[in-house]
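In what follows, subunit A forms one complex with subunit B and a second complex with subunit C.
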Partner chain A sequence: MRFSSSISSLLTSSLLLSTASASSGYHEQLNLRPLPLSNLLASFNFRSNTSLADFESQNFRLFPRSLGQILQYAGTRELHLRFTLGRWDAENWGARPWDGTREGGTGVELWAWLDAETDEEADAKWLTLTNALSGLFCASLNFIDETRTIRPVVSFQAEGDHPNTTLANAKLLHGVLPHEVVCTENLTPFLKLLPCKGKAGIGSLLDGHKLFDASFQSMAIDVRPVCPPGGECLLEVEQTIDMVLDISRSKRPRDNLIPRPIQGHELVCDTSKSYHSDSVCFPVDHLQSQEWTLEQVFGKSIKGACPLTEPGVPPVCVDVPHSRSIFASEGSTEIKSQHSDSRCYKLASEGDFNLVLTQLDASSGDKELVEPEQPLLYADRSFTGYGQEHGGVQAILTNPGDEEVEFVYMESLPWFMRVYLHTLSTRISAASSIPTTSAETSAEIIKEIYYRPALDRERGTQLELLLRIPPKSTVFLTYDFEKSILRYTEYPPDANRGFDVAAAVITTLSPRKMNIRTTSLLLYLPTPDFSMPYNVIIFTSTAIALSFGGLYNILVRQIVGADEGFESPVKSKLKRVLATITRRLAG
Partner chain B sequence: MTFRGKAGIYAIAVLLRLVLFFAFPGLPDLLTGRVEISTPVTSFKRLEEGLFLYNHNVWPYDGGVYHQAPLLLPLFSLLPDSTSWPIFTPLLYILIDLLSADALVKIAASGEAGKSRLYTSPRQGKGSTGLVIAAAFLFNPLTIASCVGRTTSVFTNCAILFAIAKAVQGFSFHAMVALSFASYLSMYPVLLLPPLVLLAYDRRAYQKTSVLKFSALNVLVVAGCLSVLLGMSYALTGNSWEFLARTYGIQLTLTDLTPTVGLWWYFFIEMFDSFRSFFLALFWLHLASYVGGLSIRLRNQPLAALAVLLGIFSIFKPYPSISDTSLFLGLFSLYTHLLPLMRYTYVASATLMYASFLGPAFYHLWIYAGSGNANFFYAITLVWSLGQSLLVSDLTFAVLRDEWEVERPEMVGKEAKQI
Partner chain C sequence: MSRLLSSALSLRRDPRMLKAPPYLSFACILIGLIWLLVLPLDEYSRRTYISENALLPGQVHTYFGGSEQHVFRAYKEEVAALSGKDTHEINNNIEEILKGFGVKVGRQSYTYGAAGGAYSGENVYGILQAPRGDATEAIVLVCPWKTIGGSENRVGVALSLTLARYFKRWSLWSKDIILLFPPEPKVGTQAWVDAYHDAHDPRHVSPLPLKSGALQGALAIDYPDDHHFSTLHIIYDGVNGQLPNLDLINAVGWVAGNQMGIPSFIQGQYNHQNTYQDRLKTMFRGMLSQGLGNVAGAHSSFIPYHVDAVTLQPWGMGHQDEMAMGRVIEGSFRSLNNLLEHLHQSFFFYLLMSRDRFVSIGTYLPSAMLLAANFTIMAIFLWVKSGQAPKTEGDDSKEKSTTLDTSNTVERDMLLPAAIVAGSHALGMIPLFIFNRLPGDVLPHAFAIFSAISIVLPLIVSHLLTSFYKPTVQQSQLTKSFSLLVLGLSLSTLATLNFSLSFIIGLLASPLSFVQPTKSQPLRWAFASLLSLIAPPTIVYTAAVVAGADVGDLLRDASFGWNVLGVYTPVAIWGVWWPAWTVGTVNVLGFAAA
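Right, the complex of A and B next:
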């Protein structure tokens, strides 16, 4: 099996080598970076391109044809699609990979520039695009309707090199599905877009069991035109997967997945604790470096290099201090970077590739991993208040650095969250001093507001704020909202789970460009009783009938004295029967 | 009625409201958030949001929060900023309450409730004085709660009372203008037009014109006044009719299903989608159907027809609140001389008390405690509506029985039945 596949890949590679020009190539790279608390960040990056002229004449080369045809059909200039699960723990893991630009909010996020003269045309193309992508990626992207679509004004800028005329005629639409659960059925079509289909090269490491077991994972697809200076313009598709694996969790053997408590005698205790004794143990699982291999962590090893990659680019890189020793499989070459704590490996075209990171001797005092970089901004968002009537949103934005940070805070909220923008307020607190509140500072923090209010059942709220945070301070951004009650058919089957509210997107403008997304939120709405539509219809109708009937009777009937008028036949009959009975009883 | 007494009542009412506004700073916002007081079409918080958007060049009618009349926006923009001058909004609301009470005093002073052009009640003069009626309105907890909760329905209520007061004074033009304002603010008062025209006709000192001509003239006044108001709104909202769908459309289609004390919200939450439009039409038809019948049957007493209609509206309109009930109770107090003729006063008042105490409790159980579900609050709104409808139909019965006793004076104090 392996033999035949490598033969076929060799064949395709030789074929392609003869036809592919130098500009349309394929590039893939895996970056491994151990993170604190025995986590491992694996960043996969696959990039393939085709010249725009070839693309227009339907000559796709390494560009995935299925995606390319959708883009052509829907008039898409630039496309960004994200599938994300989990939360990036910025406090421990530091800055995000790719500066957060290859990351989405929890669930599915999609934004694209579409060729359209009018908004209606853009909507029609957007509908085509979301439905086609929904089929391609087995995701519920077709549920991105107008209530989940917004048109961001300042948050997103086109990444590609567009001529000014096309960008002027292109409309940006952004949709998000926070409730979507990303899973294996989304990974399979993702891998199919790769030239080596995940059969060889670093893509062969990707396995649904490990990817969706990660503490954080984000799959991204970016399509954009790139014009290298002096060269022909290319259409580039970039596929990125970032995952943070818990090493000890991943090392669990496949046949014994159930976690079991560690036996007492196997526990490693932190002997430096003052309370440490024979009976009290502070486990040091996460504090101590572990030995791991690629195969243990990913469940399989790399099946040789992908033959379509540009030669000369080492596909696997590891960011660990040079002092930690790493063993690689035979046939691979190690290239150590002189400037940074990074080393890369060139793979042999045949045979499996595996890496072994040794356990660091605790006594040596060497660093186990590269210190994570401090992010530009920490962002945290949560709901305030209680009950299912009113609520508030509080975003805590902290600037840990020494530079002032300017950024755009964007929210795309569902329509059933009625936002009261007049309650939007900011409070700033410097890291060291007590919180200070004043209207002047709040005016300085929010520089601009772009707001498009929600319309019931038609569109959601779009809120973009241009904010500025002074160095070493925290800004609390709060606003109130009301939870509306829906028609009983509008609730999902699990109505009491709540509704997902999409992540806020933060785009920093200065000192450098990067993205942060908060976690998504779970909004509880008041629920009616789903079991009794008939009862309610009957009760209310009865109440109305009672009052209408009562009033109608009073209005149309004639008033007479109690002893006047005709006696009702029932009453007279009853009276007669009673009289008979009393007569009989009396004898 | 002495001036001193009236001034005293008003002063105490103002003082009480000021104390509630300023001694309990959290109270106005708490009451504004209550579903019993604020409905989607009258909520002060939504008005504030609309104002904020209006003042920041975002059209409030391009959003789903603000559903109130466009002319309220410049009116409230004229008030000094509420954060730096928090006194003006309460003062405006207190003033509106006093104007309403004053209108009620004028209605009571005219004696219309006891003696109209076509009818003189045998109990004429046994009713409460204007002073008592004003006090009953001003110290009604429902009125106070609506005032402190700053719901905009107090403007509608004031306009309706003002229209009635002008009509009993014979100023039909003023009455029609006031009714146009009320209809412009809340739409449903336009249904009060037939009995109000009859009332104004009956109270004209000189009777030169025929009823038909007089009605046509007044309908024209209302139509003209409404078109001017709507035209101004059109110009104000940037030459767009969008506000019609947001303000009146929402009352017709009930797209916002926020709970209220009425019957509509839960019915249309649970309604099957295919029957929604049918029942919306039916509910509106039902609401409008009372106007003709009551105007004809109570032709001799148009004021009584108005009172009964307002009672019915406070039960069956799309977004009722306790403020509408307070308006009905205000007019009800004009008919205290009929209390001996009413059969279920105890049951009705006990039901209303029961509902007004259990309503907030059950709402809390549903929304905050989570130990009850929506049916709890729904059941209480049913009880509240039934209690009110009992009171309304009982008042109608008392009015008709009063008329009957003129025909049959020998039946006073005897049992009666309807056949």
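Right, the complex of A and C next:
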């Protein structure tokens, strides 16, 4: 709860600031939050805006010009782009940062509201948008073709303040590339959009080596119009990076990244074990809190504050209990929040900024970190079945709380996964009891279904379910599907790897709005042995070549006995000549 | 071409053609057998090689060692303290250790019934999530609490716990690592793999609370004793004689041999001198194990689900310690981690002669096919023969014509032969049913009774036949023809699924092609006694005696295999071989001679 309050305080403060500081138009903040098992969540948030009038007249100041022009060209009202890698471990780490609204499924996810009268116009603009963004972010976004694009009905709602008339004319399109591996080449253009370009301010911490070594990382870009009450409408671009770093892994020096076994005497052992000795050690290092500094974890320190940022917003905040002592570099000022376990730091405009979190004495009994908040829902999805013909999907959705949760479950499936909707079923099991199947409950759990079936090679399946889970219970959602056989040119070069199936998106509606994404899946399709066709072609060609002549001969030739056949004209002529000669000679 | 065709057509009428098939059939058996015997020669077998370039075995430095040994010793103490405790308590402790270093833990209980006994237990498993992965793929490290030999897998369990803690520190894993600790190697693994693929019977096996992605490979450790070892035994046979991809065996062998300097061997051939005899022996052991189709180790249950798996068993006394074994596993896992695609490049059908020599299916399959073909040739021969009127004595001396009289055909009376063959195959259901349904302690008695019935049954049937039907020579030929046709058909199909089983049955059933009713009564009884020597019950009993096991244990294992693991060997024995033998014996005793 405290986590969410800190986040919400962060949100409200930033919201207040964004409204108040329309003139400045840029602010950034890094929120650090230690997680259990020596992990650290770092949430970077960069927000810049421009007035709509400036935007229309192409007068870009803090708003990135490259992105702005693409948006104008493609008639985009609102844009959300996500690059995600790894998975959020909800069991240990609790609820997601930003309530999951700033993360996507594994790979790249894009959804946007486009100004379009008709679907065809929307498709054309979508094509423009994906191709342009593909170039801008060095990602294969241009592979989001019509088979990977869906038009969600209930899962996504526009976040910005749109006039009703524009939203009525805007079409929502959603595309996802689960196989795309997010890497450094996507980070560089991302940083280039920032006013300080990652050279100063919290952006200077962002480094490809650390970001892509994180256990979970998500880069998000959200562009939306914001109309503060009584003020001019603004177009706001918000860039977010969330990463979960393993502290012990990140602390390894860059020249010695290999986790070699440490020296025997450095091991943290359980000395209470009877067999404990110098050469026998039951490790308990996981229980121990770790000392870390910003520089160790990120590999570098913050290079002063970004001069463009709104001076009222402290750029660095840490969520740890007030009892744990933190040392900050000189020149910075600490602001402790009164009603939450959060403290923020204002940076000096010059000089490096570093933070030191001390190791906690285990005997003191102080808490090392703020307990993570329990998420509204746990979601886990996996394939069932085996073989190359049929399969099934099972989603296990658990509501750990005391309130009923209502949510939309959305799947965007590739066309070669032919869903049998009639097999869609739910089974509910209350905590600590045997699962029971009942048709009644099944009808109660799924309240609405929105289903758009796939067309081969044209569009994928879109499935949106409105579900309701009673408190303290688990719902097993299952459906079966059939695997198509692709044409041999449709297989990727690594055909035997399988095909990635995008994450399911869960949007809770009540008690509060948040997003959860499951992990993506790997679907095996029947794959031909690609060396076999070659062998078969060679073999059959040879066999045909050898047998053709003989067979053709037998078919078209008339076989008769030697004495029955016609005599060849040459031979008979020769015979006649020979006969005359012999007659002459004889005669 | 035309001349060839016409000469072939004229050959059809040649009476020598009708004399040839038995010789041809015999030649098939002989060539099939010789074919198999020449396979170990250098000219016919090939050296193994790594076909999948992504595997890159032994290309990385392994770091397991150093202070990990201190941790290993501590875990070994923990494991030793659990010795003899019940599964639940053991699993509690393993779960606690796994959770200690941040591995997600799940449990699964199961109860199977086979041969009147119940096999129940509880698996505990941990999923070490790949730090940057997304749960699409996984590799499995299986470490049963009991080894194949039945002793406690102490070193193995401690080693996998240490390895798990060590693996957790690496961020390079592209696949989740699943650590599976079943209470014993056979049932527990089967229950877990079934449930992982959602192919389990929910009445006996509970579903898995925690799952990861598609399984790409599995290694099992079988390391009971706390002594230093010299070599590594790689066990690779799967259920029903299915084999893992050859690349996996090679990769593990390569990591052990070329990187760690630990030689490896297969099929229990510890002293393999790479001679012809050793190669042949290794091949025969492999074929026997493949033919029986039973579980060889904890890895076997993975293979039917297209998850390549092997068991590693340290062997002998030497100077290699547990850390070396750990590094072999580390190296192999790093190799598997490199895989971009599922293992598909190399062979799935092969016979290994030694760790680094093999023959692939294209080379060895003809031998089993030739054995199966011998039955088909005889069946066709007898069919043709049954269509011709028997020659009388007078004809034979008088006429030595070069062409047969084509008008000499007769109508075939097929009802009785078809009924006998169909009836005997239907009877095959009875042993299949009783041996797989009866409780274990009555199995030896049931076997004794069945063996007696199996011997007496042909006598009774023949007696009934001779006294009621007076079967003709033609019916005798047709009966044999039908029976051999079914046998040839089944065995050639089986050869593509389980080469060894098909070959063994084909070889043991090969006399059935040649025994026939004779006029001389002593010869007839000699044939019958020869047949009873190669009767399926006799062979099963002999096999048990040779293997040094009780026939009851053998049958209990078979019943277990059938009920729990889905082994289909009993179908081949009682549904294909036994009916063919029964018909063969009836044919010898109950029909008139030609």
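Simple rule for what comes next: the second predicted complex is superposed on the first by the 494 of 587 C-alpha atoms of A that agree within 3 Å, B and C clash if a C-alpha of one lies under 4 Å from a C-alpha of the other, contacts with A are read in each partner's own complex, and residues count from 1 in each chain.
Operating definition for what follows: a contact is a pair of C-beta atoms (placed from the backbone, for glycine too) under 8 Å apart; a residue touches a chain by one contact, two chains touch by 3 or more.
No experiment lies behind these values; they were computed from the predicted model shown.
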(message) Looking at A:Pro259, would you say it contacts subunit B, subunit C, both, or neither? Reply first, second, both or neither.
(response) second
(request) Check whether A:Thr333 is in contact with subunit B, with subunit C, with both or with neither, and answer first, second, both or neither. (result) neither
(request) Could you look at A:Glu389 and tell me whether it touches subunit B, subunit C, both or neither (first, second, both, neither)? (result) first
(message) Touch test for A:Ile554: subunit B only (first), subunit C only (second), both, or neither?
(response) both
(request) Could you tell me if A:Phe212 is touching subunit B, subunit C, both of them or neither one (first, second, both, neither)? (result) second
(message) Let me test your reading of the model: by the given contact rule, A:Asp500 touches which partner, first (subunit B), second (subunit C), both or neither?
(response) second
(request) Answer with first, second, both or neither: which of subunit B and subunit C does A:Gln58 touch in the superposed model? (result) neither
(message) If I apply the document's touch criterion, which positions on subunit A are contacted by subunit B in one structure and by subunit C in the other?
(response) 386, 527, 529, 550, 553-554, 557, 559
(message) Under the stated contact criterion, what part of subunit A meets subunit B in this complex?
(response) 386-390, 415, 418-422, 449, 451-458, 484-489, 526-529, 532-533, 536-537, 539-540, 543-544, 546-548, 550-563, 565-566
(request) Within their complex, state which residues of subunit B touch subunit A. (result) 33, 35, 45, 48-49, 51-53, 56, 58, 60, 62-65, 255-259, 263, 265-273, 286, 290, 293-294, 297, 312, 315-316, 366-368, 373-375, 378, 382, 385-386, 389-390, 392-393, 396-397, 400-401, 404, 408, 411, 414-419
(message) For the complex, give me every residue of subunit A touching subunit C.
(response) 37, 85-87, 89, 91-92, 106, 212-215, 246, 248-249, 258-264, 266-267, 269, 273, 275-276, 279-284, 286, 380, 382-386, 392, 394, 494-498, 500, 519-522, 524, 527, 529, 550, 553-554, 557, 559
(message) Considering only the defined contacts, which subunit C positions touch subunit A in the complex?
(response) 1-2, 5-6, 63-71, 73-75, 77-78, 100-102, 104, 129, 131-137, 165-166, 169-171, 197-199, 211-214, 305-306, 340-342, 344
